[in-house]
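Listed below are the structures to be examined.
Look for chain A in each of the two complexes below; its partner is chain B in the first and chain C in the second.
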Partner chain A sequence: MNKEIIKNKKRGLGFYFRIYCKIIAQDLKSKMSYRADFIISTFGMLLTNIVGFMSFYILFKNFPSINGWNYHEMLFLYGFSLIALTPLQCLFDNNWNLRMQVESGDFIKYCFRPINIFFYFISEVFDVKGLGQLVFGTGVLVYAWTCLGIPVNIRIIIQLILLLITASLFMIAIMNVAAATCFWIVRSGYVMIVMFRFKDYARYPVSIFDGIFKIIFTFVIPIAFIAYYPGIVILRPNEIPLLSKLSPLFGILFFWLSYRFWMLGAEKYDGTGS
Partner chain B sequence: MKKYLALTIAGMTRTLQFRLGILVTVLGNLIYMTLVYYLWKAIYASSPSQIVNGMTFTDTIIYLVLATALFNFLDMYIVWELSRNIQSGAICLDLLKPVNYRVYMFFSFFGDNVMSFFLTFLPTFVVVYFVADGKIDLGLNLIMFAISVAFALLLNFSVEMLVATICLYTESTWGINIVKESIVLLFSGATIPLVFFPEGLRTVIGYLPFRCIYDTPLNILLEKPGYTLDSGIWSMIALQAVWCIILSLAGRAFWNFSVRRITVNGG
Partner chain C sequence: MNEEKAIIMKNIGKDFKVLNRHEGLKGSIKDLFSRDYNIVTAVNDISLEIPKGQIVGYLGPNGAGKSTTIKMMTGVLEPTRGEILVNGCVPYKNRAKNAENIGVVFGQRSQLWWSLPLIESFRLLKEIYLIEDDEYEEMISLYKSLVNLEPLLHKTVRQMSLGQRTLSDILAAFLHNPKVVFLDEPTIGLDVSMKAKIRDLIRELNKRKKTTVILTTHDMGDVDALCERIVIIDHGRMIYDNDIDHLKSYFGSYRTLKLRLPGDKWVEELIDESKTDAMSVISEYQKKSKILDIKLEEISTEEVIKKIYMGETVKNEKISGIDNSRDDKDLAI
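And then the complex of A and B:
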């Protein structure tokens, strides 16, 4: 008994990784039983991406460049943003269910488990269809990369991967905060819907905004960090702004803040009494 | 008639219950519209000519802002509501009520529409009217616009209901809904004005009902060529009416056929 408790206290990454694999395996098994849903969802995901690309293409049919960025550079940012948004789609999809679980009282079950509440809640769902977006985004990025003639070497690939990982943290942070509002506000689904729409504008350069809105989209709703600031490191290596260099730091900071906010709500949650 | 009025008022009060929600939605939309504004400002600034496809920057922005406002006004979450009702079993009680289910659905969402008309569409329109400074006429076109929006509302409802009925079979709400949403938003002109589309694609869109939801009312309001009282307006409204009739008849037949095979687990 005593030994068990001591063992419980020492929980490294390995422990959480093993648990994560087990929970995800259960989720995938339960998803397998709804095959039609899986096929339609994957098709829907693909179609949204195609439609999104079509509107992007139609725009550039009419206008050759935006703010000094040509078609292929914009395509690069587009692909970059799609990949950077994939971890949100695949790993953090359960945030969309938070409101329902909090309202119905089912959320209380997470509070009784001897592991981190946020970790347990988030790991319960792995959204397979999000991988379609990853494939689509990678295709777009590789195409733009070749057309722009950017060199390929180990250094730049590692740089790209690191930038993508830190860039993904920003939208995750936004959605964590949006989801966690349901601990205070009844029926807060609209906060998530409103916030989720902003992701479509992450692919445009932040230089199109000026004044207060540049600050809002950089520091309040930080969509500028999803594609523009990290993307510029690879697109224009000679003119990297300071914010690009700081973007990994900001990513971790934003994620941590959103995590604290989420936990603040979860810790004060006391069920519905049923 | 009285029962439908009661349903509408219930919907309105339900919306008013969540005042904070209204505030956040309005605020979120304002920020969203500034995004749209800045993006198109940058696009037009980089363009060599002031007029692209017959649209100036002001034309485009009026079109897009009003399209977003119209989208918020017409939006109904029927697909989600229906699939939740099926899962929870609540649909049984609604089906037992002495009203036609489709009509019942329409009026229970109509209250939301009325509220969002006053809370989002009307304020946006007033702002756009003053910002556009004389670009929008206040005349007969307003009445025609109102008629056209009424048809658009019915059309949007019919599309939603058709899609919701498909969900009875597939048990996949998210997938079906996202397919509907992405197709409707692109092909109705809500994201990019339809005049920007390449020729071939525009011909295809001409045969689809979606443009009647956002593009037709907006063009009538802005008195675009082919949508004025002198030329073409009646044929455009007739087209809306025809699509309304086709889709609601098809939707009704599909629903009546499908409702027999609903299986509700528990409830």
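And then the complex of A and C:
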């Protein structure tokens, strides 16, 4: 009896953090042993980013400014969105496998452990190739930052980190919701792909879009929170909209809602016959 | 009383709402809001009490409702009707708490971390189930005494053969010393010697740790080797609950006696042992001629089960007449 009380106490945040570190450490170790796979996927990710950047570059070669946003400001948002995407790609990549596991019935194994299902599922994959993107994104951001002559001080760095976390939460939340649709919809693969494509719009200032899209990208599929609303805090410190100030709160709320949605699906999951 | 029973089910039933699905992406969005359901009853009125430490064979043809029952016992599914208690707690209400006291193995689906060496999977499980160091060490040394563990420990699950993987999964399921272990077709796809190894392991762990084992299988070898008790369900209803010997006597205690007589011809005699015994038949023959060879064949569990699945169940009065020493509730129907 006594033992059980101790046990219940131990499965708090510290417990999950400890397990998470162990799983990631083990996973990394095993990934490193497949060296060719590791190198090729990292290289591929870098290449994808370079190609993506090329099209961005060509666009701005021809239009030096879009709706009052100049090349370096756009570059700032571009780098910002790449960094904000990293936690999603490194830590939440298993969402891409959710549909397959749900369909085949393999997902049921996550229901048999005395730990949180979402945590158990997500912790299983740590994707290193996202780190290549982090390096690339940081490079772009630092370059844009210096060109724009934005001052560097502690306050602004802390601001930047908070904004990046906020942006990541939105990105993760969108993909959580998209992935979790597979609990209800059979062909939910589309939903994820479409949502993931949407993130490409995230790097453009939402002010360049038409009214209807502005509303959609702010309130329905909130990709405007991935770069624009947080980015504007640093880029245009004199005209920060209310939505930017509220974005950390929205980020947490939206992430929590996406988690609840995911869990709702997982709890109603009953597996396929076997 | 609850203390002595690992599992108690009372009039358990489970209905599924099956959505009439629409085609295409547009259709699937429509399905999100659709109320167009059919109700399918997967399991109906199952009552079962399983004492601690018993190995129960849970049998039934495909689609009989075995998995559904197991899912209700593991807390994945909530029963539509009836009461269920596993180790004194209601599984679907306390999925995580229930999970601490059970172990689950699905023959075809490994639950271990695919890319990790077995020893690392064990260490993670030790963390997840909060297993004490000494208990963990004790379990590992028990494992080492039962199977040749050393070559497996540093292999990743991905590199293992099916047999090794199943073995590892079973070891992982028993690691936190759960009170009940569910084994779903643990020997599926394995060769004869591996099957024997797995059966020995299960029997040994059950004996040492007093673990209750619920075994679903289509392999009657598993049943013969392990199960003290058999529960058979079909079409979601329980049609048999008793021990294995009674199962055979469903069809009378028949044996086939084969005798080779001079001239190289075999004679077959069907013997109903409730009326006469094999020895007297043999001596009858011996009076008439010389006997060169003798074979005595039992009706196999497999044949009995096959007959039951095919609906050739003996009439009800015969079933209830079999056994008076046990409680009536042991005999469903």
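FYI, the second predicted complex is superposed on the first by the 264 of 274 C-alpha atoms of A that agree within 3 Å, B and C clash if a C-alpha of one lies under 4 Å from a C-alpha of the other, contacts with A are read in each partner's own complex, and residues count from 1 in each chain.
Following the convention adopted for this analysis, contacts are C-beta pairs under 8 Å (C-beta built on N, C-alpha and C of every residue); 3 or more make two chains touch, one makes a residue touch a chain.
A quick note: this is a predicted structure, and the numbers were derived from the prediction, not measured.
Of the two partner chains, chain C is the only one touched by A:Arg113; chain B is not. Applying the stated contact rule after C-alpha superposition, one finds that A:Gly52 touches chain B and leaves chain C untouched. Within the superposed three-chain model, A:Asp270 lies in touch with chain C and out of touch with chain B [touch as defined at top]. Contacts of A:Ile66 after superposition on the shared chain: chain B is touched, whereas chain C is not. Of the two partner chains, chain C is the only one touched by A:Lys22; chain B is not.
When the two complexes are overlaid on their common chain A, residue A:Ile216 makes contact with chain B while staying clear of chain C.
Once the two complexes are overlaid on the shared chain, A:Ala36 sits against chain B while remaining clear of chain C. Once the two complexes are laid over each other on the shared chain, residue contacts for A:Tyr201 go to chain B alone; chain C is not touched.
One of chain B and chain C touches more residues of chain A, and that partner is B. Once chain A of one complex is fitted onto chain A of the other, the partner contacts of A:Glu124 are limited to chain C, with no touch recorded for chain B. Applying the stated touch rule to the two superposed structures, the overlap between the chain B and chain C interfaces on chain A comprises residues 185-187, 190.
Against chain C, in their complex, chain A makes its touches with residues 7, 10-11, 18-19, 22-23, 26-27, 30-31, 105-106, 108-109, 111-116, 124, 184-187, 190, 269-271, 273-274. Against chain A, the residues of chain B that register as touching in their complex are 18, 20-21, 24-25, 28-29, 31-32, 34-35, 38-39, 41-47, 52-53, 170-172, 174-179, 181-183, 185-186, 191-192, 196-198, 201. Within the complex formed with chain A, the chain C residues making contact are 16, 21, 25, 28-29, 31-32, 62-63, 67, 71, 74-77, 95-97, 99-100, 102, 104, 106, 108-109, 111, 113, 115-116, 120, 123-124, 127-130, 156, 184-185.
Contact residues of chain A toward chain B in the complex are 34, 36-37, 40-45, 47-48, 51-52, 54-55, 58-59, 61-68, 185-188, 190-191, 194-195, 197-198, 201, 204, 207-210, 213, 216-217, 221.
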